[in-house]
Amino acid sequence: MRPSRRAPDELRAVSLERGVVKYAEGSCMVKFGDTHVLVTATLEERLPPWLKGQGRGWVTAEYGMLPRATLERTRREASAGKQNGRTVEIQRLIGRSLRATIDLEALGERQITVDCDVLQADGGTRTASITGAWVALADCLSWMKTRNMIKGNVLRDNVAAISCGIYNGTPVLDLDYAEDSEAETDANFVMTGDGRIIEVQGTAEKTPFTQEEFLALMALARKGVARLVDLQKMAVA
Amino acid sequence: MRPSRRAPDELRAVSLERGVVKYAEGSCMVKFGDTHVLVTATLEERLPPWLKGQGRGWVTAEYGMLPRATLERTRREASAGKQNGRTVEIQRLIGRSLRATIDLEALGERQITVDCDVLQADGGTRTASITGAWVALADCLSWMKTRNMIKGNVLRDNVAAISCGIYNGTPVLDLDYAEDSEAETDANFVMTGDGRIIEVQGTAEKTPFTQEEFLALMALARKGVARLVDLQKMAVA
Amino acid sequence: MRPSRRAPDELRAVSLERGVVKYAEGSCMVKFGDTHVLVTATLEERLPPWLKGQGRGWVTAEYGMLPRATLERTRREASAGKQNGRTVEIQRLIGRSLRATIDLEALGERQITVDCDVLQADGGTRTASITGAWVALADCLSWMKTRNMIKGNVLRDNVAAISCGIYNGTPVLDLDYAEDSEAETDANFVMTGDGRIIEVQGTAEKTPFTQEEFLALMALARKGVARLVDLQKMAVA
Amino acid sequence: MRPSRRAPDELRAVSLERGVVKYAEGSCMVKFGDTHVLVTATLEERLPPWLKGQGRGWVTAEYGMLPRATLERTRREASAGKQNGRTVEIQRLIGRSLRATIDLEALGERQITVDCDVLQADGGTRTASITGAWVALADCLSWMKTRNMIKGNVLRDNVAAISCGIYNGTPVLDLDYAEDSEAETDANFVMTGDGRIIEVQGTAEKTPFTQEEFLALMALARKGVARLVDLQKMAVA
Amino acid sequence: MRPSRRAPDELRAVSLERGVVKYAEGSCMVKFGDTHVLVTATLEERLPPWLKGQGRGWVTAEYGMLPRATLERTRREASAGKQNGRTVEIQRLIGRSLRATIDLEALGERQITVDCDVLQADGGTRTASITGAWVALADCLSWMKTRNMIKGNVLRDNVAAISCGIYNGTPVLDLDYAEDSEAETDANFVMTGDGRIIEVQGTAEKTPFTQEEFLALMALARKGVARLVDLQKMAVA
Amino acid sequence: MRPSRRAPDELRAVSLERGVVKYAEGSCMVKFGDTHVLVTATLEERLPPWLKGQGRGWVTAEYGMLPRATLERTRREASAGKQNGRTVEIQRLIGRSLRATIDLEALGERQITVDCDVLQADGGTRTASITGAWVALADCLSWMKTRNMIKGNVLRDNVAAISCGIYNGTPVLDLDYAEDSEAETDANFVMTGDGRIIEVQGTAEKTPFTQEEFLALMALARKGVARLVDLQKMAVA
């Protein structure tokens, strides 16, 4: 039995609310149960120096957590003077995931920065961030289309992400914090709307896992992502 | 005429919503019009080293702004590697303001950290932060009282803050960003429920001001703070 | 009775010595009693990037304290790797104060950097810094005038600053360290030669203060600044 | 045809040389073709503060690259003042991989730090590091056993890692730099001696991949890791 | 002919003024011509962690330069966020030089920190710093002796330092900035009152020098240090 | 008797192996007994900003030590966030030493960066670094000559370095760690192939030394450097 009494293949309540801040070209408040992430997409007519003059744009991401998003307060990274290893890892993952379905040539020589700020954390902040980031990014691209800044399909497909894990010996979908801290194995899947894989990360937290276990997690993830993609489509419709 | 069509002594729509995050001992989403700040109060059974063993507690504050809280994206301070001068100045002001009405001996050897994170900025983020911080702090102290951790009146009075300025030659209350960027003079007042002053900061943005002008601003502030204190009392009732 | 036996409205012995270092375009050793600050003004033919091409110049300030300027040695900020919050707050105040009476268009596209380094600290380092900075700045502008780099009145008025506070229930002028550490209320006033206000900062160190108390402090400050402006005029004559 | 003319399932020449530095409790120079990593294992009778008094030890890793290990010189991280995101990600992966087969209780309240320094980089530095780190760690544990510091099987199994990718449409094993920079998909597998998975990381560099493609990579990895484990066994025999 | 018209073996005007700041246990304003350094010695009843419990004290030094001590303003190190290489090198030299004649056992488990802050720089700041630091240190030790904190001869001998160089083919003593920037060879000598050497640093700025040239510089230095030691003795008498 | 049983004027076994890494324009693994340093020389067609457009090139050096190069592990500087004082001092010395025999005009507007990374440290890492750096630099210049990038003699002479010290009252050559940590006096000499001096650094670790002692060390150094220069000539022949 899961602490939340969910079925093994049941997502938490997911919501994707658009247009939640006034200034950003795209924004989304994404909630996976008690995990709440505020995502904004910012368009800027500039590029990182190493990308200039190549006829391509760039999508990058930054990730942060408010100090009291967590059960115990964590130190503010701005005051500590640097982003910790986990933050760096997550924001790199979000950026890679988004870039994998965007046509950077069609975007033109511009940069979109996606900021994912966790207001409340109950497990799965990186998967919620990616899922909401796609919505904010889609809205930013619509904003550009309305202004004739881009043409055609810059965004080739949906991108959503979900975690799975082996909890008390059973593969389960969308771990919350109570499960995550106890799971033997933890995997995150980033997939497209057509079911292909953008990123897989599986980690044995306690004991190494078998290929069969991994395949069971992948099957769950496929199901979860399909559901998230449906929700994204409803959100941007 | 003010850009927002408000009367010179009219506040923006103010709301103070309590209990907005799951884990914090106290929290408040404070809105002054389009300025939205999420405030949390965290209780910790530890003290800064220089305060240990003196039989007193401490209240401190940290302030941050999400990168796209503003019209143009500002660089994330965690990624820049340090808090800028404005941030440092504001969080010191918030901390001093809160400490001025709290009985640190009655608090006991504990620290309360108040985090003020601006989700959307339209002027007056520091005054909104202080006004909301008082609510989060009051809730944190109630939480402690319920658990018999403190006795009596740790919080001696309300604390609220408001900005005033001279805009187009007229003293006006509660500047929004459009006014703030044009004002000749800008002043912030932090006051108690009984009308006394905790902190005054007046700055001539363009031309120095006279004592009479300053007194006109102070009269407006007194009115605004009285209204904010009423709203605080309703919020925590 | 004040520890220094001064009358409530009596300044410490003030001296403003010009030309104290060999290379700077303007310099001043300012002493308010045992508080000694070495101020230099440096002219550079460059601007911060965000100000380029706007036909205006800039005046900025930096503040520092020698490690043993204080009763106990304080850590060297260069070795700690950053300027602390108090330093940042003070140098921003000095910069704003100086800019408020300078005609930045008339200055032309140049930057003047004013460095205020405290050699010995006995309270009031920020007000001494501002008062001495005006002298160094005035000398720097004279240096420029001699070289036909500027015309007309770039400096519109004098700027001086003084602290006041309520010590043992009495409003007193120009707090030294012994008074400052005991004062209930502490206020700094930056004013022009014609008695207008550039910056007011009043802080309740212990208990909030009334408007009447604040006005008493302001009256004292007005007197003190008038005296400092006289001394500045004698110094640059 | 691969640039190196290797068969799709062919590793580069691998060597694992032990005892390459004088002072470390364990060390290994690991070479995967032109990728050379110097690994040392350091035993210290201390623990990170958050782990003290729990009856368990800790294994952690740090990763670095000499500035001219690469085709073009990369900036020295010590001089840049921080480790970049890629470095942080890799050293966290190495640490997690090693901890997954070590019995931290049996290790006792001690820390082993594994340093992986890349002397020459031709792709696969993280997989070479993990494979060599296991050898250095095993030697460090033997050193402890000889001194009766530990008993029984602290190291439960071998750990080795290999990369795979889809290069020119074909799944290939052990990517070198020429392949890595062109591959559509890139995956790293960390596995145990008995074929179970510790960590999987698969990334679509250009286009998302299918589950079938991913399974083909996993089959290759399994073969490669088995060969690496044989080489580890020969090395420590 | 030297720019200053001094004879080859002639020092600049040297002055050593004691007791120049109010709080420090020892202090000295040292001037070598237009090079002015304010030195303070601070006694603290604490030690660096690695020295605790060994029955010995420690003497360390920090060095800094006010931003406009130089012809052109140099960036404030506190604002740059770190001490540059030259600063680090100089403060290590000062510390080593002072420790070489002090009896650290006799000092007891305490630390003396010597701060050398350059108010004006015209060449030779490190040698002026060392020479003045000895005076500040001697005064700090007298202060301790008066309070019966130490007994006997903690300071075994005088320490002074001087630079020499080959300027226009001629060995000259005590280089000022005009000479220093043109010299072919530059050497700094730190010596004791009895003529022994504590530290020698000789650098070929342009062309390597011969042993004979080096010996000529050493002979000049010996003469210069003897004169400085006389001045120190007069100063502390 | 020296711990290593060497004669007072006997070097450790020295080897200079060229071409040890694949990508660098020049490289050398230098060993002075158990001190092993990997040196690379990198040519870049760029210059530090302050040197642009002057028709001259630049040679600079960076120095690092692998964490477990030493008896006890030292903290990785990249993780500590800065290079320590000793590192800064050494890399400045290496850079100065190399620049002293190179014709920077003949090099052209390019920069050569020499990286010296200590794989194993047993005393004398700075002298080994300089000696090996000359070989890597010479190879880098040969690489350029082969490509007709430079003409004539850019490298005017050999440069090598050796340490000497007074150990148990006897002047000895090429201190290893066991001697270095016990020596009363420690001196490093950087000299050219024709016996002239580029840099001398002599430090009294315990008691000041006499001029005679210093001359004895210089005589030993001269002998040692002559031998090192012979080995360099054989290496590059």
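Letters A, B, C, D, E and F mark the chains in the order given here, with residues in each chain numbered from 1 onward.
Quick note on the criterion: contacts are C-beta pairs under 8 Å (C-beta built on N, C-alpha and C of every residue); 3 or more make two chains touch, one makes a residue touch a chain.
Every value quoted in this text rests on a predicted model; they were computed, and no experiment measured them.
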item	value
Chains in simultaneous contact with chain C and chain E	none
Reference chain C; chain at largest CA-centroid distance	D
Taking each chain's C-alpha mean as its centre, the one farthest from chain E	A
Equivalent interface to A-D, taken from C-E, E-F or A-B so that over half of the residue contact pairs match	E-F
Centre distance in Å when chain D and chain E are each reduced to the mean of their C-alpha atoms	50
Rounded Å distance, chain A centre to chain E centre (Cα mean)	59
Multi-partner residues of chain B (each touching 2 or more other chains)	81-82
Arrangement of touching chains [line / ring / star / complete / other]	ring
Successive chains around the closed ring, taking chain A as origin and chain B next	A, B, C, E, F, D
List of chain A residues in touch with chain D within their complex	82, 85, 88-89, 91-92, 96, 100-101, 157, 187, 191-192, 195-204, 206-211, 214, 218, 222
Chain F contact footprint on chain D (complex, rising order)	21-24, 27, 34, 38, 40, 42, 44, 62, 64, 66-71, 73, 76-83, 87, 113, 115, 117, 119-120, 122
